């Protein structure tokens, strides 16, 4: 009965892509650990780029700089 | 000083219902473990049904199919 | 299909008490939001008092001072 | 490679303040534990006051009462 | 720069299996969302069966009953 | 009433260092957002290097290779 939480930046991910992540992670847990898909939960959280920091800097700033 | 995080699907839960969850969990922790309500935190997170998967499938799809 | 995460300090909580928390939270979600217990997950995490801070201070220190 | 999750109430925190939190936490981890900022993640989550409970009460109610 | 948290019951999962989960999830995020593996974090948490509840019951009890 | 969760690898971090992280984060939230330390929670979680992946690889393997 695994629980998986995926946090990604909010970037226009489509419902189809979310469906692929959910299916992919569930299948992976079944293959590697024989976990029952029926009780596998996957929750995707989309985070604003202002709210995500890496290397001490907001992703928003990082991306602007890289343009 | 417990910390409780409740994730539910985003389904029009009312402020009153949220208040009942918060009160109920805080009381439960006091009754079972004698935890001080003053330092009990409860955070409710509402998740879009596209972002929640169970059995390898998005809740959105699951609900559509069950209609 | 709620997911609940309860963090408490590591203090000799018994398996019976954990069972009561799990049952209590699951029942609460059923009563308040009509959530199906079959797909309600509850995970309890016990945290060392050295690793939990409140008011800028470790719980270990706080408790020693209050003795 | 630390991962830090900060949950605060949704209160009009500015992008600049978020940037200061991200920078401050990353610097702290470098100073105290010599952690490499390049692989330090900080995620800020803003929670509606209806969804945050303390002492068995929603922050919304608590604030209204204190007015 | 995704962050993935996988919670599973503590069941003798081997380091090799953990490596497969980490590699699998990272590859999945690259394929579906074109995420850079260099900044993809995966954290696996193993939870005692006494601390995991489903359907209002501890996994320990559930498994004993199913034997 | 912020809640902060810090995940780091399990590497012999001392209680004193944990105390410094807790104090530092609490002070930062007070300075940047004027948050009341009394209701600021900080929880530190130490994760085995086998359970932490970056760039599709376990930290254990990454460190062995870098030796």
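Just so it is clear, A, B, C, D, E and F label the chains in written order, and each chain counts residues from 1 on its own.
By our rule, a contact is a pair of C-beta atoms (placed from the backbone, for glycine too) under 8 Å apart; a residue touches a chain by one contact, two chains touch by 3 or more.
Since this is a predicted model, take the numbers as computed values, not measurements.
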Number of hops, chain B to chain E, where each hop joins two touching chains: 2
Each chain counted as touching chain B and chain D at once: A, F
For chain A placed onto chain D, the superposition rotation in degrees, Cα atoms, nearest 5: 120
Relative to chain B, chain with the most remote C-alpha centre: F
Interface composition of copies chain C and chain E: same or different, split at half: different
Pair from D-E, D-F or A-D with over half of its contact pairs in common with B-D: A-D
Whole-Å gap between the CA centroids of chain A and chain F: 21
Averaged-CA centre spacing for the pair chain C and chain A, given as whole angstrom: 26
Chain A-chain E separation of Cα centroids, rounded to whole Å: 14
For chain D, residues contacting two or more additional chains: 1, 3, 7, 21, 25, 39, 41, 43, 52, 54
Contact graph of the chains (line, ring, star, complete, other): other
Complete list of chain pairs which touch one another: A-B, A-C, A-D, A-E, B-C, B-D, B-F, C-E, C-F, D-E, D-F, E-F
In the complex with chain A, residue positions of chain E that touch it: 1-9, 13, 17, 20-21, 24-25, 28-29, 31-33, 35, 39, 52, 54, 59
Of chain A, residues touching chain C in the complex: 1, 3, 39, 41, 43
Residues of chain C defined as touching chain F within the complex: 7, 47, 50-58, 60-61
Residues of chain D touching chain A in the complex: 15, 18-19, 21-23, 25-27, 37-46
